[in-house]
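Both of the next two complexes hold chain A, though its partner changes from chain B to chain C.
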Partner chain A sequence: MTFFADFCIPFIVGATVMFIIIAAKYISWLRDLPRSDIKLIVKGAVSPRLFTAAWEVVRESLLHCRIFRVNPLLGYMHMSLAFGWFLLIAVGWIETVAYLGLKWVPLQGHVFFKYFAALNDFGTHKPTFDFVMDLLLLVVLSGVTLAWLKRLRSRAMGMKRATKHITFDRIALSALWFIFPLRLLAESVTCAIYGGGGFLTGGIGHLLAEGINADILHTIYEPLWWAYSSALGIFFLTMPFSRYMHIFTEIPLIFLRHFHLKPETKEKSYDNFEVEACSRCGICIDPCQLQAQLGINDVQSVYFLRDRRYNMLQQKIANNCLMCGRCEAICPVGINLNTLRQNSRTSMRNIPNENRYKYLRNLDRSEGDGRVGYFAGCMTLLTPNTLTAMQQIFEAAREDVWWADKSGGVCCGRPLKLSGESDSAQKMIDYNKELFYKHRITTLVTSCPICLRVFREEYKLEGIEVLHHSEYILRLLRQGRLQVGYSAESTFTYHDPCELGRGSGIYDEPRAVIENIGKLLEPAHTRKDALCCGSSLANTAIDDRQQLTIARGVAEELDATAAQTIVTACPLCKKAIARGAKNTVKDLSEIVAANIK
Partner chain B sequence: MKHIIVIGGGVAGMQCAAELAAHNFKVTLLEKDSDMGGKIRGWHKLFPTFTPADEVLSGLRLKLAQAQNITIMTGSKAVEISSTKVALASGKELECDAVVIATGYTLFDARIKEEYGYGIYDNVITSADLEEMFNKGDVRMKDGSTPRRIAILHCVGSRDEKVCQRHCSKVCCVTGVKQAIELKQLYPAADVFNFYMDIRMFGPGYEEMYREAQQTYNVHFVRGRISEVSPNIDKRLQIKAEDTLTGRPLRMGVDMLVLLTGMRANDDNSHFAANSNLRCQPSGFMQPRDSFLHNTESNVEGIFYAGAITAPKNVGEALNDGATAALRVKAWLESKK
Partner chain C sequence: MINFGFSINKPRVIDLNRNNLNKSKEVIKEMPELQACIGCGSCTATCTAGNLTEFNFRKVHTLVRRGEYQGAYEEMNKCMLCGKCRLVCPRGINTRGVVMLIKRKLGDF
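And then the complex of A and B:
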């Protein structure tokens, strides 16, 4: 029994090279992991997380549940290709076993089973397998058809824009498109000559046998199997260098993620798994406001990850992002897009200047000696209405407050971190942390979500509870320490700041506070789907006019709710939206202070 | 008799209407407010000669009163403009042979620069508020006391990318110098500080006035913008700035802060541009046909510009524009015959 024919060579070469390259990549990435990450892997591998990870692999790498949720048609396309192909391989393997029993068959024997079945005469046909294999092939072909459709008319697939691809992707993509139609043809012609096959290959084979001269069929028989094998070979050869690397990479990524590995402030080896798990599906393009409002179409996460992967990332691409997190929220692979972008910036820009921060030594402009600390943050100091309102709220609640920066303080560090100057940011973090401990506060309240985020994520303030003022005010209201007047006549709409909502998961508290004062009307994009005000500190590339264009778009939506007042809970958002809005824009604390009973 | 509509009854519009009437045209002057005068109404004295603004305004009023064939329509806001017709907010439509747009500028709203605390803290006022105080002869702090230290901040809403006002408003520097002198005349013992980015003394007599402010009146000039204002413990205003000449940050308690608010383009401009095929500049001000030979004409035949509609201008320039636009209208109508 032979399992080799000359046409198998492209496939064998392609598959071998692919597996060697992929193995080499994974081994080198794992080898370069920091020791702490390796410890996490060892710990995770012997825990139940191994099984939850395996289950996620089934759901995401095969079934693509998350894409289904974002876009059912796109979900079906990915599922039919991935799960369909997987089943073709799995059922094909069972088919081999069914025919030949449990014996070793070389890889090409499974893949080109129909060919070798005809060549070796494995005995009577098994119609059930013929039917199942044809059905699976049909499923995959339907996916391929959708993929063609997506290229030709992305709008028909519910995407305004599809990804612009590089050469490797185009080659791999074209090969992928041809694999299954060629397989259909090769198998159908085989059926036409040798009989057998299910409703699809058998059916087409029957038609071919009737309509086409047998000589012609015999002439095209081998070339068709060559073409099928070559398409597979080309796809496999280009795969490790193309977007299709995601097919395999998502699997180790899911496991590592379940073992609690994650990207950090500085680039590390683990990032490779995230970067190469990007399928360049382009789902991140449509929610990007830089794309929708400003027509900037080369900076989105898909392009950022692509450029980073091929070592051609430029600062102007890395810096041109609001880091609003709208794409991260929707990414079907769940890649930590913001952290990766931030650590790329760090790699490009982190030049700590030791002299610059000498002034931090012995600096303390804080006032008061309460156990509750209030950190206004730079942006709140530039929007003093918020500061004044907080002062009134503290007074009304008779809270004894330690004012960290009322007469000027040191930045929380997040703006520097976002711009890539992580080491400089660390100096601010260390300074403020020491200051908080020195004044022995137990609660730290801030009205700036940018500060809040870095306090929670980087400061590791043990023994100090960090609260956003929305959480703090709600607590005061619930404890009865603060009373506000309610009027059904007052209508408000609320803008979710990126750093507060998607960034810190605080959606309900500000809304609960507003509903204590008046009626809340939701804008079109809200909560996890909320728009960015456009003035994000994270974007150092767009200019003021472009920021304003984005702000106007957001303001229009908020104005459209017909609420009397636009409320937000971030001083930067407030400043940004106020520039574009017709209605008055207030910070949450302002409407609370104005309605204190 | 040809009929010309002049939109805007500020100095440029008044001048233009009077000149047109002198050239034997029938003129309708539209003013959206209840009285003529535009921004100069409410101004105390004009730089650099300290001429009372009222003197200029009454001169213009007299000129209009003496002219034949002028209809003045106050409380009339133009909403649609073409070279042959102007529609008013009231729904009325006026036929004409040419239009001069002299709707001037809008004062920048200092509340947008919240960090300066206008509308939040007492004793943060704008240059326009100060002129009003001068007019009332009552320059005092909110609690009625006399200011001992006053800061004047230049470029509020001018040359500021953050509020989309990239242009220089041109007249604020010299206004700051003028107001500093007036304050010193009123309160010789007070310290007056000007915080500036550049001092642009472009007109005749301006530089001399700047020198005088320093030599005679001992007004202080600090190069640097104020970054933020907050109230301090003794209820004064704490300002934070950087002295960019010494390269040092600076904190100072002051009793009063005067914000020299800039000129920004009217919100209407873009509407007129879209509906009448007129061109706007990136700054929002209207674009004249060219900057030299046709600087009081628009890109549309029969529509002319006078005054600060095309760029920030001082009173003298606006008056010149008014007279020039009148001559241009006349020449254009004659050439049409």
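And then the complex of A and C:
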């Protein structure tokens, strides 16, 4: 039995090179992992997480469940290509086993089985396989058709904007688009000459045999198989360097993620898995407010990851991001886009400097000696109404408070970290941490979500419970230490701050507090889908006018709820929204303080 | 000399013809809005770092624009990048961007 023909060469070369390159990439990435990550992998590999990860691989790498949630048609397109192709390979393998029994057949024997089946005598014909294989090919072809349609009209698939691809991706993309139509043609012509085939290849083969001269069919027979093999070969050769690297990379990524590996403040080898798992599907483009409201279209996560992958990332691209997390929330691959962007900035701007912030030594401007500490944060100091309101709340609840920074304190460090100066930010973190321990507080309340996030994620405050003021106020209300008056006449709408909602997962507490005071009306974008106020500290690139445009867009939605008061739980959001809103904007603590009974 | 309990700064002249204005021009080119500064000093008044130490953002960026770069990078390193100055600036200047830009032009990244 022969399983070789000249036309197989492009396929064999492509597939071999692809597997070698991918193996080399994975091995070098795994080799460079820090020891702590390797320990996590070893621990995870012998735990039940292995199975939950495998299940996620089926759900996401093959079925693409998360994309179905974005848009069903878009989900079907991705599923038909991925799962359809996978089944074509799997069923094709079963088909060869059914014909030849369990014996070794070279790769091209499986892939070009129809060709070799016509060449060799494999025994009785099995029409069931013909039918299944044709059906699967039809499914994949429907996906390819949708992919074409998406290029022409992405809106039909729920995407206002599709990714602008680089030339190299276009080559890979074209090769992929040609693979399946060429396979259909090659198999159909084979059926036309040798008979057999299911409803699709057999049917077309039948028509071809009737309509076209047998000589012509014999002439185009080999070239068609050559073309099919070449399309596969080109696709495989370009794959490890193009967006299609995601096909394989998402699988190890899912396993590593289930083993609790994650990107950190500084770049590390694991990041490669996340960066190359990006398929550049472009789902992150539409939610980006820089795109939607400012028309900036080269900074979105898809372009950021692409630039970072090819080592052509510029500071102006890396810095131009609100890090609001709207793209991260929708990313079907679940890439930690914000952390990756932050650690890219760190690679660009971090300069360890021992002398920096020496002036923090022996500094202590705190007041009071309660076990409950209150950290206003820079932004709250700039919105004194919030500070006064918190003071009234503490007094009403008879809480003994230690005021960390009422008369000037040190920044929490998050703004500096977001801008990439991580080592210097650590100095502020260390300073504040020491201060908290020195005053032996057991609870730390802050009214700034930016501070909250860094307290929870970076400070590692053992023995100190960190609370956002929305959580703290709700606790006081539930414990009965604070009573507020309810009025059904008062209507409020609530803006989810990015750092509090998507950043810290606090959605319900501020809403519960508001519902103790009056009626809550939700804006169009809310909770996980909430918009960013535009003043995010993470963005150092956009100017004031652009910030205002974003703020107006958000304020418009909040005004549209017709609520009397716009409530938010972040001093920065409050300032930003107030610039664009018609209604009054208040911090959560202000409406609580105003309604204390 | 009699000690009066105070001193007077040495007379100082900034000679724009003699100063090398290349870096200054680069800063202005990348952040033209800095020219809209009216020198009101709100940034400095609200500054978190300025509240704790001798750091004067208005002074530093003004000197940089005049071509006086000596010590500017070290001064800018006192900034915590908290962003209060940006919120109070009546001209809406991207002050955090200015800090980062000046550091990039005068520092080593």
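We adopt the following convention: the second predicted complex is superposed on the first by the 595 of 597 C-alpha atoms of A that agree within 3 Å, B and C clash if a C-alpha of one lies under 4 Å from a C-alpha of the other, contacts with A are read in each partner's own complex, and residues count from 1 in each chain.
What we mean here is this: contacts are C-beta pairs under 8 Å (C-beta built on N, C-alpha and C of every residue); 3 or more make two chains touch, one makes a residue touch a chain.
Since we're looking at a predicted model, the values are computed, not measured.
Because the two structures share chain A, they can be overlaid on it, and in that overlay chain B clashes with chain C. By the document's definition of touching, of the two partners only chain B reaches A:Lys406; chain C does not.
With both structures placed on the common chain, the touch criterion links A:Val445 to neither chain B nor chain C. The wider contact with chain A, measured as residues touched, comes from C rather than the other of chain B and chain C.
By the touch criterion stated above, A:Pro384 is placed in contact with chain B alone, chain C being left untouched.
Once the two complexes are overlaid on the shared chain, A:Met428 sits against chain C while remaining clear of chain B. By the document's definition of touching, both partners, chain B and chain C, reach A:Lys575.
Of the two partner chains, neither chain B nor chain C is touched by A:Leu185. Looking at the shared chain after the overlay, A:Leu363 reaches chain C, while chain B stays out of its contact range. Remark: of the candidate stretches 42-50, 60-68 or 96-104 in chain C, the one overlapping chain B after superposition on chain A is 42-50. Touched by chain B in one complex and by chain C in the other are residues 381-382, 408, 543-545, 548, 575 of chain A. Chain A contributes residues 315, 319, 348-349, 351, 353, 356-357, 359-360, 363, 378-379, 381-382, 408-411, 413, 415-416, 419, 421, 424, 428, 535, 537, 540-545, 548, 572, 575 to its touches with chain C in the complex. By the touch criterion stated above, chain A contacts chain B in their complex at residues 381-385, 387-388, 406-408, 543-545, 548, 575, 578-579. Residues 112, 114-115, 117, 120-121, 161-164, 228-230, 232, 238, 240, 251 of chain B touch chain A in their complex. Against chain A, in their complex, chain C makes its touches with residues 33, 46, 48, 51-53, 77-78, 80-84, 87-89, 92-94, 96-97, 100, 104, 107-109.
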